[in-house]
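Next come two complexes, and both contain subunit A; in the first it sits with subunit B, in the second with subunit C.
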Partner chain A sequence: MSIGSPDSTVGIEEHPASAEPVRGSAVPHGKSPTRVAVDRLRKDRVAVICAFVVLFFILIAIFAPVLTKIEGGDIGTFHPDLVDEYGFPTFASNAQHWFGVEPKTGRDNFARWVYGARPSLIIAFVATLSGTVVGVVMGLLAGFLGGWVDRIISWFVDFVLSLPYLLFAIAMVPIVESMRGGSFNLSPEEQASTRFFVLIFVLSFFGWAGLARIIRGEVLSLREREFVLAAKAIGVPTRQVLFKELLPNLVAPIVISASLSLPAYVTAEAGLSFLGVGLIEPVPSWGQTIATATNWFKADPLYLWLPVLGITALVLALALLGDAVRDAFDPKTRR
Partner chain B sequence: MLYFVARRLVSALSVVLVTLIVTFALFFVAPTDPAGAICGDRNCTQERYNDIKENLHLDQPLVQQFAGYTAGIFAGRTFETAGVKQKCSVPCLGFSFKNDRPVTQMLKERLPVTVSLVAGYAVIVLTIGVFVGSMAAKRRGTLGDRALMSSTLILSSVPYYIVALMISLYLTILYQILPRGGYTPITQNPVAWFTGLLTPWLVLGLYSCTQYARYSRGSMVEALSEDYIRTARAKGLSDRVVTYKHGLRSGMIPVITIFGLDIAGSLSGAIFTERIFDLQGLGNLVLDSLSNYDLPVIMGTVLVSSVILVAMNFLVDIAYSLIDPRVRLS
Partner chain C sequence: MQWKQVTAVAATVMLAVAACGTPSSNNKGGANAGNAGTAQEKATDPTAKGPAPEIEGAQKGGVATVLSDVTPDTMDPTNIYFIDGNQIGKLMYRALTQYRLDGDSHKPVLVPDLAEDLGTKSADGLTWTFKLKQGIKYMDGTPVKAADYAYAIKRSFAHDLYDAGPTYQDEYFKDGKTYKGPYGANGDNYAGVDTPDDHTLVIHLAKKFDDLPYYAAFPMFTPIPKAKDTKKSYDLKPMTTGPYQVDSYTPGSELKLKRNPHWDPNTDPVRYQYPDAWDFKFGQDTLKVQRQVLASNGPDANALNYSDLDSSLVPEVKDQSQIVTGPQPCTNVWGLDTRKIPMEIRQLIAKAYPFDTYRKVAGLTPQTAIPASTILPPAVPGYEKYELPGLVGTGKGAEDPAVASEVKAKLKELGKENFELSWYYSNDDKIATQVNQLRTQVYTAAGFKVRAVGVPKAKIRTLRNDPAAPVNIAQGPSGWCSDWPSGASWFPVLFKSDAVALSNSIGMLQDKTLDAEIDRVNGLTADQQLKEWSKVDKLIMEKYLPLIPLYYSYSGYPVGKNLGHVINDPTQGLPEFTSIFLKQP
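On to the complex of A and B.
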């Protein structure tokens, strides 16, 4: 039940019927493995639908300012006139506030919802990117150089993988905050931006190790192959062997790892924000809205269901897309 | 074999040692003023500040502070607050000045809640999860198997805390179909203990069953295609004996490995369950400590869970090499 750790069920499961293997493709040669995988992905209906859902959320996040301008609301303005004396919104939805307003404060729900897509996606993508880069470089170095470099890196991988990730994420928050001068001295904006970077740091810190281990294993077998020996024999510099010869052969594990990381990180960001450890006011985030909305769920279900549906749809689409990507890249299902 | 155990033990101990240093460093070196952080900014008097500073021995050099902290774990120490001496017995993980109590005592109080939660969870995943997985493996390729596997994929893709929160809000609070979560010590009232934990168990257990069903299906499929299974069938053994006695035994090895690590991880990973169902376990302790900057408590919990995780890792490795001789060679 660990969230955020992209370990997984890769390889151990049978592959669901979704990925129809391409039989007798027209050209038997001349296609790179990546090309073959992309072709297979395009024929997978589930993958295409999921890709559109993900694209939809990315567009929402990018055009959040435009969308809110069309609606006419914004994320920060309080509307005390739109909530009654007990804090309940006086209406469900109208032309100015498409999804109604927040209980108590009267801020616009639609604006906060579309802006809420931003931190989830930005954090997930940045953390995946940095975790992947670090993981690949570490794995390449450990596998290719061997010796004491390998021993040190492998030890670090084991170390990171044996730490309780959720607890460390929680513990990092007060430390980084006090490094920046204590939570009471920071303005809310500064505090919120600190949390943003803490989240990215923690997620990538715990994300690189698994990939590094996989890459190391792959490199160990690849470096004995003829093309690497040949490159070394004709005097190609190490850096070029690593990035020009080995890296193109590692596309599949890298893509697979990234496909597991993305939904895991969206889940983790919203989960930590839900616990009050992640993003905080005034930055709108779905996890945080869910935590507040649980107090109002009977009177104002829409307020709770908006972020719940947002996260669920985004994570589900990313996860199913990732599953299709893994099928497409898996040589075992290829005929 | 002895060499293997010794090597694993050394690497496990090195991880524990580094975790000890890291937790210490994170909390006492990185912040500019740990005494200030512990004291808080709101009602911190100069007296209290000095008191904390002296008691944490922050005037000493760092190495000495670390030695004192480590020695406390094995030998216990004494803290002094407001003129009252407080004994912190072995294993002393520090002293919470917010609560005026040793951290170990607070952890001990919360541990039974988390352990009860994890124990029920373990029972559910090992029975239902494994059973469903091996049933699917036996009937692999059929419509039922495919439907089951795609539905577990979809369910396990929905974030856990969303599922738990929705069940908690709608099935226990709004329409009281399931009993509400809560913790009563088992020694006080076993029935209340059971009903209070029933919903968290079911939610946590059934959600994770999806993972376990997939794992055990995968390894059972592999086990059932081994030669000795064919031999057993040729011998005329009944289907049930072949599946559950011959197949399950070797099919469960990888599942047990994952289970060992998962249980250790759950001790700290049950935070969401504890938060949503309002169980005052370790996870809630950490979250509460975070909100009032009770650093020694966070530090102690992180250290304890890391040690449990490393120890489980070590035990699983050893157990695995005992069961499966192929592992020892690597």
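On to the complex of A and C.
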């Protein structure tokens, strides 16, 4: 009996649960965790649909001027002839005003809806981006340098997390207005833009601290690993260690945190505007429209449903996408 | 009188910010006048006696509820000046005189309340004697003394404590300008009031004040016993003479009233005591409570709201009898600063005003906001309708491109291109910001330069009341209501030179000729004044144009299905609480 010819397939069959996916010879050995995650995402149907929904809203926001031009309306013009003497729109929808007009003022609902997507998205993305950058840098510094730097940054993180965020959002507006020359010297547009930037600032200011804490914890465990020690030993500059050695290993927590904060910020902006402390006229925003439209719900349901649908679809898509991203990056989850 | 504070969402918002200046005024006497329009009719009944005739179908018992979106700032009889506080006060405080609402039109007739008559004037008109009813008791059973009336009047001079109350006494009563109330040194000695015996009150005046019996209907003329005066906290447990007494009062949120067992209907020609108790809930959400009241489910059927129905709720009204309507003695205006804007420009501003769109954007309904063309509203005696071209409360103004270019051309002709118009608006109020956008668009289209200053709603009243404010439009009161039915509580208060310093002025007029004319009319007898005030009205509008009249307000508030005899009191533009009953208690 022969001991059998060597079978090249045996080894592979003996290790079916290998973490390495089966790959063709053209694929170079070893995939980065990011690459693995993106591959997983692409196979996730929910993630793909959600990404398209988000993309749809982003396109709407970007092409708002074009869309309103096609429709023929704009956000500011009053059409008093299109509402009756009690302020109710005289029609639900027509060729000039696809989504009808706003009660009382007769402004075009479609234009206000597409422009209303802008502040939500801009605020959410800008706040997420700046919050993430600050949070990552702070977390890296605190975790890697340790000592008094860590103590100061950690104290600051605790401090920020303890501040009341809603109160801060309300109190910031008059302060910033007085810094810009006092509310007496500001036009309504300037006042509205002040609110806009204050909102971005407040959201990012309160967003970075949590992320910084997570990153610090990760770095604390990573910095004792051999590759970091080795890099330090051969004299790689601190900056390079931070950004070349540590950062690539932190992609997962960063992406997860960012993808989860996007929908949270969209909701926060709408919520604050609904309460009257967020955006104000003349900037159109979904939150404001919802606040007004609840009064008119019985007579003009479309007026309320549009912004509600917009926010719901956007937040749901962002949240599911965030979930999928987290699943994709987390090696412990399998679906 | 001050317009009630207004709400965030309701149609009335624009007036809200307006309200009516500070209560200080510099009125110069006035008329004894009749009801709106009917100049010759006497509107007093000095012989009226209690009890008030029973209302058909009225039932005793139950708790009537008032769900209010606005909050009266005080319930202290001396400090009440807002119309809602005044009206609620009538349930608790009896004054020297009172209005009785006669007939189907609810014509207000001045009748004696705690006084036996409407007062007797001395030959020189400087001494008034009120005979007081005997046997009146406070809710705890202690008898009312003449000294208590005198004390209440003395108390009304303590403006450091009671800063919101009416101030006609400073101007007209003897030593009114020097006396500082009963609390300071020598506070007991005031020469203005006298009580020779226990059923006589004598008031000494510094100058003639023929409207005193009307003024005596204010709750500040209710008796207040000196021993029970707890100053600022008096309204928590006030001594009441009316059909109800305070059960509990939480300033800013709730007032509960219960029956006053010592109120004697035989002495009261006006009031009733049908419900067992009253429950006023303040600071509610307008739309929410108006919906509740309209739906009248369960206890909400016993409730009413006294703000005009929001226009967005109009389709929800199934039963028109749930909306109580009636006139209000108020006009809402847009003031133009005559010191800063030349007359020709003021005329162009009026010409360009987009009345129609303004009404829609501000949420004014045709029922509750009647287009105005005069300063005096129809509810004030002596009102005579006239219409100046372009000032009729309706029209497209410069929204019509033809008018816009015409105004623009005129401005150019005058060499005032890009003339700057500036005003305050509340930037945290959605309706106010939309109205502001409308005005900005329209006036910019008409060739003006607009500088709109957005300020928080909480601060706008203070800012507008500053006569030196760096704006030239919409300063001072943005609406005014009669203190009593006479032009004398309008023109001297609003358009005389000294009104500017008192921040009551609309249009900041400082014109000696006009001052003299107003003084002349104010010095006439009551009947003569009736005809003259409308001439002054027209003169001011034609020659000075210190304001654009926007609309006369008209009541139209929702009431629950179980409330009976809810009628509008035309002296206040609010429900007449004292005659309301529950159909099924």
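Going forward, the second predicted complex is superposed on the first by the 300 of 335 C-alpha atoms of A that agree within 3 Å, B and C clash if a C-alpha of one lies under 4 Å from a C-alpha of the other, contacts with A are read in each partner's own complex, and residues count from 1 in each chain.
Keep this in mind: a contact is a pair of C-beta atoms (placed from the backbone, for glycine too) under 8 Å apart; a residue touches a chain by one contact, two chains touch by 3 or more.
Bear in mind that the values here come from a model prediction, so they are computed numbers and not experimental data.
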Open item on the list: So in the superposed three-chain picture, is A:Pro188 touching just subunit B, just subunit C, both, or none of them (first/second/both/neither)?
Closed with: second
Open item on the list: Quick check for you: in the superposed arrangement, does A:Ala299 touch first (subunit B), second (subunit C), both or neither?
Closed with: second
Task: Touching partner for A:Asn94 - first (subunit B), second (subunit C), both, neither - done: neither
Task: First (subunit B), second (subunit C), both or neither touched by A:Gly276 - done: both
Task: First (subunit B), second (subunit C), both or neither touched by A:Gln288 - done: second
Task: Dominant toucher of subunit A (residue count), subunit B or subunit C - done: B
Open item on the list: Quick check for you: in the superposed arrangement, does A:Tyr86 touch first (subunit B), second (subunit C), both or neither?
Closed with: second
Task: Touched partner set for A:Lys104, first subunit B, second subunit C, both or neither - done: second
- [ ] Under the contact definition given at the top, report the residues of subunit A touching subunit B in one complex and subunit C in the other.
- [x] 174, 183-184, 276, 298
Task: Residue numbers on subunit B that touch subunit A, as the complex places them - done: 11, 14-15, 18-19, 23, 26-27, 30-33, 36-37, 41-42, 140, 146, 149-150, 153-154, 157-162, 165-166, 169, 174, 204, 207-208, 211, 214-215, 217-219, 221, 254, 262, 265-266, 268-272, 275, 286-287, 290-291, 293, 295, 298-299, 301-302, 305-306, 309-310, 313
Task: Of subunit A, residues touching subunit C in the complex - done: 76-78, 80, 83, 85-88, 103-106, 174, 183-184, 186-188, 191, 276, 280-282, 288, 291-292, 295-296, 298-299
Task: Interfacial residue positions of subunit C with respect to subunit A in the complex - done: 9, 287, 310-316, 354, 356-357, 359-363, 365-366, 399, 427-428, 430-431, 433-434, 436-438, 440-441, 451-456, 470
TODO: Flag every residue of subunit A that touches subunit B in the complex, lowest number first.
DONE: 1-3, 9, 12-14, 16-18, 155, 158-159, 162-164, 166-168, 170-175, 178-179, 181-185, 263, 267, 270-271, 274-277, 290, 294, 297-298, 304, 308, 311-312, 315-316, 319-320, 323
